[in-house]
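To start, the structure under review is shown below, and the notes come after it.
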Amino acid sequence: MGNKPKIAFYWCSSCGGCEESLVDMAEAIVELSTQIEIVLWPVAADFKKKDIEAMADGEIVATMLNGAIRTSEQEEMARLLRRKSQILIAYGSCAYTGGIPGLSNQFPREQLLKYVYHDAPSVVNPEGQDPQTEFHDAGRVATLPIFSEVVRSLDQVVDVDYYIPGCAPNPELVLDAIHALLSGNLPSKGTVLAPDIALCEHCPRLKTKPADIAIDEFKRPHQHLIDPNVCMLVQGFACLGPATRSGCGGACLKANMPCTGCFGPMSNVRDQGAKALCALASIVAGTTNEEIDSALDGIPDPVGTFYRYGLAKSMLRRKVNMEPTLSK
Amino acid sequence: MSSIQRQIRFESDRDPGFADEIRAMPGCELIDRCIQCATCSGVCPVSTYMELTPRRIIELTRNGFKQDVLNANTIWICTSCYECQVECPKEIGITDVMYALKTKAIQAGVEPKHLGPPVLFKEFYNMVRKTGRMSETQLAVRSFIKSNPMQMWGMKWLGLRLLKTGRFSVKLEHMPKPSVLHTALDHADRIDGRRAK
Amino acid sequence: MKYSYFPGCSLKATGRAYEESFLSLCKALDMEMEELENWNCCGATSFMSVEMGAAYALTIRNLAIAEKAGLDMVAPCGGCYGILLKADHYYKKYPTVHESAVKSLKTEGLEYKGTVRVRHPLDVLASDLPPRALRSKVKKPLKGLKVACYYGCRFVRPIAPFDDMHNPETMDLLLKTVGARIVDYTMKGKCCGGAMSGAMPNVAQEMTYLILRAAERAEADVVATACPLCQFNLEAYQDEIRAAHPDLKPIPVVYFTQLLGVALGLDATATALNRQIVPVEPILREKGILADEKKQPATAGV
Amino acid sequence: MPENFEPKILAFFCNWCTYTAADLAGVSRMKYEPTTRVVRVMCSGRVDPQFVLDAFAHGADGVLIGGCHPGDCHYVEGNYKLLRRFRMLRRLVASLGIEPERLRMEWISASEGERLQKVVNEMTAQIKLLGPLELPERFREWDTELHEETFDKEREVVASGQ
Amino acid sequence: MDDKTIGNGSEEVRIGFFICHCGSNIAGTIDVEAVADYVRTLPNVVVSSDYKYTCSVAGQDMIVEDILKYKLNRVVVAACSPLLHEKTFRAATQRGGINPFFFHMVNIREHGSWVHQDRALATQKAMDMARGAIARVKFHKALEKRREPVRQSVLVVGGGIAGIHAALTMANAGKKVYLVEREPTIGGHMAMFDKTFPTLDCAACILTPKMSEVGSHPNIVLWSYSEVTEIKGYVGNYDVTVKRKPRYIKEDLCVGCLDCIDHCVFKTGNTDDEFNQNLSKRKPVYIPFAQAVPRLVAIDPAACTHLNGGKCEQSCATACDRQAIDFEQKETFEHIGVGAVIVATGFKPFDAHRKPLYGYGRFPDVYTALEVERLVCSSGPTGGDVVLKDGSKPKSVGIIHCVGSRDHQTNRWCSRVCCMYSLKLAHLLKEHTDAEIYNFYIDIRTPGKGYEEFYERLQEEGNHFIRGRVGDITDVPIIPEEEGRMIVRVEDSLAGFVRRIPVDMVVLATGLEPREDASEIRRRFNISCSSEGFFLERHPKLAPVSTTTDGVFLAGCCQGPKDIPDTVAQAGAAAAESLVLLDVGYVEMEPMTAFVTEKYCSGCKTCLPLCPFSAISRDEEKGVAVINPVLCKGCGTCVAACPSGAITQNLFEDRQIFAEIEELLVHA
């Protein structure tokens, strides 16, 4: 067993969906397990941090890390695994671009803690206790990691070799990645392991999009019936398909929902949200501020629309000043 | 015997700071734009009575000939009808310049002490500062006493006519609460174009 | 329709007829005029000639009070109207004026945001009434009465918010509406010399003479004005002018509000015609607009 | 705020109108604040929101986009395309806590050198009041937020492992 | 990416930086040596030097020599605006043996030394800008300019003296000319003038021969009563649509005998004659004036009884023995292709109603200058008799200069011609009436050959010159001699007092302003306007007849007020510029077009509706967008919008711009 390549899976700030996607490989994972040795997988097996610490640097062939980085423990583990691994793969949207946890970059840390420990309707906290990083009781010390101000993607913390996008990634992509890994047939460093072309490429609805499209009004998907055969943009729904990497198989569109952009941008794009915004706004109808604004009013939350998965990795990364500023 | 005077002006006769003070007052900032077209003098209904026409006032002011400007009767003749200001092709606030110059003359104490308008202005000013309102008859009487008491006699018929039509009142009008105005006006800036300390 | 009303000093004295006729007219037309609380003199031309900062503060104080009331502010006196407009404009344009006024207002707990719309009765009557409201109330059209409308300076200078700066005609239109014939003459926007009438009477009277004579040559029966200073100046010195220019015939000078009141059939107190130095009733009777004195009881109430 | 804060305004000027207006301001020797750094593009329609965000991310205190007046675009309607993006972008930028005064779009025609001068001076004054944006500094701060904690631990681990 | 080898191929990037002093224009405000020293420290910079005048021959030679000496493959020059000298330095770069697009220019004069005062800050800005350029030029690629043939024909818009002269010049050089005039005849304003200053030669005598030459020239197609409605394409290859309004006359049949006019049911004129400034009447069927070209009548649909649905015996039609009258005529459209366009659409006289002060429209005997031109003209409404509205001859005439000009309330500019034409009219009025003539002026401007001499002649002829802008014209007399006359109230500013001068006639020297539809025309031809509304030349000194659109040139007063000699000179210049374009025979297209990298294009169609030139189409088979480089004008809008980053614009590539932005913001 000692000769099999060592592979580690780890999770940071994530929902567990990425772990689920590993399990979704089903039989393939059993077959894989004959070729690899899993050295860390907190969800599925009992390995300890000290086991990893005991390894030599670079002893792990590859680590697939999912989840964004928000706590000191996560940063510490990311560093540790980086040191011990030859290849570090950011696995899933959160590790890749910050993902849904990245949306909390719109709020100050204190506000989040206050909500979660005091104000949320489901909270029962009669003493108004706040979590402490250290707790002393009868000579014993219990510690919690530090909760940082800012959520970061994995590559904002440590050097990353490859990215597998998706919320969650689909199993085919993962398998392809692992096979490439095992065969040593790897692309250049920094590559996103998904097709470098937008989702529209394969979208069956594309043929219904006219060459002279002009959007009068953006609509919100939950307020309207959606025609399952017609291009989402033609219907006025803010679909991020044109600005999002394919590889997901168009899962959301198959479920008759517009693409929300979880696979991130193509390689020629630096900021998915800005590009998506630009592409969508460019085809809005109207020539005056009023006309344009009324069309754009259908996108009440631009950050949530264009940076649902990518705020942490976007050019601005986080809300700069926490006071609301725009007067209409 | 009147002696012949030199009419020349030397650079030392100019007071450029004076021109700057006027420029800094509201409505007077554009005097340097003047092309001396003379529309102001042409349209002014009373330019025919002025020692210096409005055009010359602008030219002398922007060059800082303070004494010439303040000592001419022009600024006291101006009725403030704004014809010059609205017709000026360079949109210079000529009437505002006239106001600015009047305040400068009174500040400098060079206003003609017995000419009707400056006497009236000061009486009006004092009365409004005190009572907050202007009482026509009182103002007329006070102004005449200080400028031309004889003229009052000529006005007796006018007084009578007003009395007959119920338009004559010797009462001193005032605001219900003039004290608030006293405080308020005491706190206003002197806008005189001088740089604040 | 409700307005803040800024009478100004003259309307309480020599311009009494203006206030009386204007307020009765408003009443007849369902326009409510609420006199501004503790208002002060606008400052006119005189105050500004002595001290500029206090002058603007003085004027703006009235605007600040009106802003609290939240209504349009009606100033019938041309002098007040012009200076209020200008102060509002300069308050926004010149930081020196602004800062000075802010400091001054603060002592009284006032502030002026710059939202007050200063209006003149000409403007209000011409623009705010529903169409035909005035015409439908006419009881005695001023048929055959030839009126020279005289505007003077301040409605249109230096700022003209509601009329043509060079050829104002709001008053013409209003009086035409009630049946008067408007005569055309070229002096209607020239200065009456009002500011000088006391201080330099000879200058002012010369200016007045030209205006009255032009109106007379245009065969006007009566001159209509919209400013107490113009009215006073054009009417009160006609005897003195005649001393120098015997050719000038007496010509009645009234407020346009008086003529409108007559047309609406308001009574003599309401139109304040008794305050004329040069009486206007004779010509109104001659034209059959007012009933003959002797026949009056017989036609009263018709 | 640092003493003598000189804002950095990244400006995108279209070749035909605003860039030419800036040239005209130069030829007319109109003085304005030395705060702008101009990127010339052929048309304001070329301005990609990525450029704007990249500028902020790299230390711009403000971004100014200058194009032709509506109807005057040398390329017919590039400025309208910009306008549409800009209307959305300003909402996005505002929701990310950047004051709206820091992102400005102006139509300045080739003859409006004076306007260019006014806009630059006005924007400079506004940004001076707001103070520096300093995103690169903030990024550094965010990236090193946990360093004390994690580096110490890492050093411990490394030390104990040896 | 490796900094040393980015750009074209794998060669090492070697940049030469040259900063210009521009005498003291730049060096007076910017420490150019410090900038050069700083740039020398930047990566890939091999040589960095400053020079007094980089655009001089010696300066350019220095660049060429340094390219060879240091094996440079990139050049950055920090000097004036690229709009001025980019071409110069690209050419120098090419002479050095490398592709001209490996060059980039930094504008530290117009955007630097001329607009800033603080030396340290201006120098800092120059360093930043240089660093931005160094960063971007690394990513430059070799580009080639495409050549397109130029059509050998030209469109002249407007048939005034400018259009006439430009058309004849081109036609005489053997080029095909389409001359489009809105009115029924060519001639423009000049045809309305009586005499021309300062020589006093008769306007008609010098203009009409040129007009008939246009009418008969084999190379000129003259479309009067027509308008250009659409223009598409690009320099050398414009597609133009011309609307021909119906004149209700078959042009090929009409011989200009004018019998129809004689036989019109209206025995006298029934509508204002615009050619005579509405001082007389004309019939609905008319010819604007005797020497009109083309000599064709027109029927005015607003005045003609029949065309207004009224009952008319149509005696004009029966009178025409060639059956040339056609009441059924409809507007038609002509489509032509031309290589160049000369816009010569002229001016509009200032509307004197806008200065109510002068009583135009109020007092009957206040005239505009153009009206007086017609009054003094022997072919005018009075046959050259200068009479007032009541038929009498004026004894005293006031000419008011600068009406509407030099005035912030109306037009700020000096209209340039009014002083001289006022002098001319003063002379003519004196000659016709022997009246006292008063000129009321602000300044008399006579900068032209023989102009000052003409002024002097007028002074000697006994005309009065009063320096003062008139403040009032009134009919209210104050002394008996003023009774019944207009009184001009003016300050004689040289005497220093106000004067009242009674006159019988007032002439308003109205200025020149852009035509009302100037901004519509400007949009149609894709050219710019200055703030006052005259068409903007590309450069006031160096490209006075060119516009920001290549191949579109300006002539005459549409570019700004000017007199006839200047107009003709400018028209000649516009013709010469057009000839250069046509005779070279091809145009080089700027290579800053966009292209699609197919493998990145998802075919999402975002770009398709964005191109105003329809340059983007979709290859349905491949499912990708395709840009036609001939139609692409290089705006870059599609590039910004492409959500895949699949479109690249030459010279404005994302990586170039990103590099520039990021380096501009690093503080040196």
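A, B, C, D and E are the chain letters, set down in written order, and residue numbers restart from 1 in every chain.
Methods note: a residue touches a chain if its C-beta (ideal position, glycine included) is under 8 Å from a C-beta of that chain, and two chains touch if they have at least 3 such contacts.
Predicted model, so just to flag it, every value in this text is computed and none were measured.
Asker: Ranking chain pairs by how many C-beta pairs touch, which one is first?
Answerer: Max contact pairs: B-C.
Asker: Once you find the CA centre of chain C and the CA centre of chain D, what distance in Å lies between them?
Answerer: Each chain's C-alpha centroid was found; their separation is 55 Å.
Asker: If you average the CA atoms of chain A and of chain B, how many Å lie between those two points?
Answerer: Centre separation, chain A to chain B: 75 Å.
Asker: Using mean CA coordinates as chain centres, what's the chain A-chain C distance in Å?
Answerer: 74
Asker: Taking each chain's centre as the mean of its CA atoms, how far is chain A from chain D in angstrom?
Answerer: Taking the mean C-alpha position of each chain, the two centres sit 28 Å apart.
Asker: Residue numbers in chain E touching 2 or more other chains?
Answerer: Residue numbers touching two or more other chains: 357, 610, 637, 640-641, 654, 658.
Asker: Would you mind listing the residues of chain A that make contact with two or more other chains?
Answerer: In chain A, 269-270, 275, 278, 282 touch at least two other chains.
Asker: Could you list each pair of chains that touch, in label order?
Answerer: The list of touching pairs comes to A-D, A-E, B-C, B-E, C-E, D-E.
Asker: In their shared complex, at which residues does chain C touch chain B?
Answerer: Residues of chain C touching chain B: 9-10, 12-17, 38-41, 43-54, 56-58, 61, 82, 90, 93-94, 96-97, 99-101, 103-108, 152-154, 156-158, 165, 190-191, 193-196, 198-201, 203, 207, 236-237, 239-240, 274-277.
Asker: Using the touch definition from the top, list the residues of chain B that touch chain E in their complex.
Answerer: Its residues touching chain E are 35-44, 47-48, 53, 55-56, 83, 87, 89-91.
Asker: In the complex formed with chain C, which residues of chain E make contact?
Answerer: Residues 356-357, 362, 474-476, 478.
Asker: Mind listing the chain E positions that touch chain B in their complex?
Answerer: Residue positions touching the partner: 357, 402, 406-409, 442-443, 467-472, 489-491, 493, 496-498.
Asker: For chain A, which residues are in contact with chain D within the complex?
Answerer: Counting only chain A, the residues touching chain D are 53-54, 71-72, 75-76, 79-80, 106, 146, 148-150, 152, 156-157, 269-271, 273-275, 277-278, 280-282, 284, 286-287, 289, 292-293, 296, 299, 301-303, 306, 314-327.
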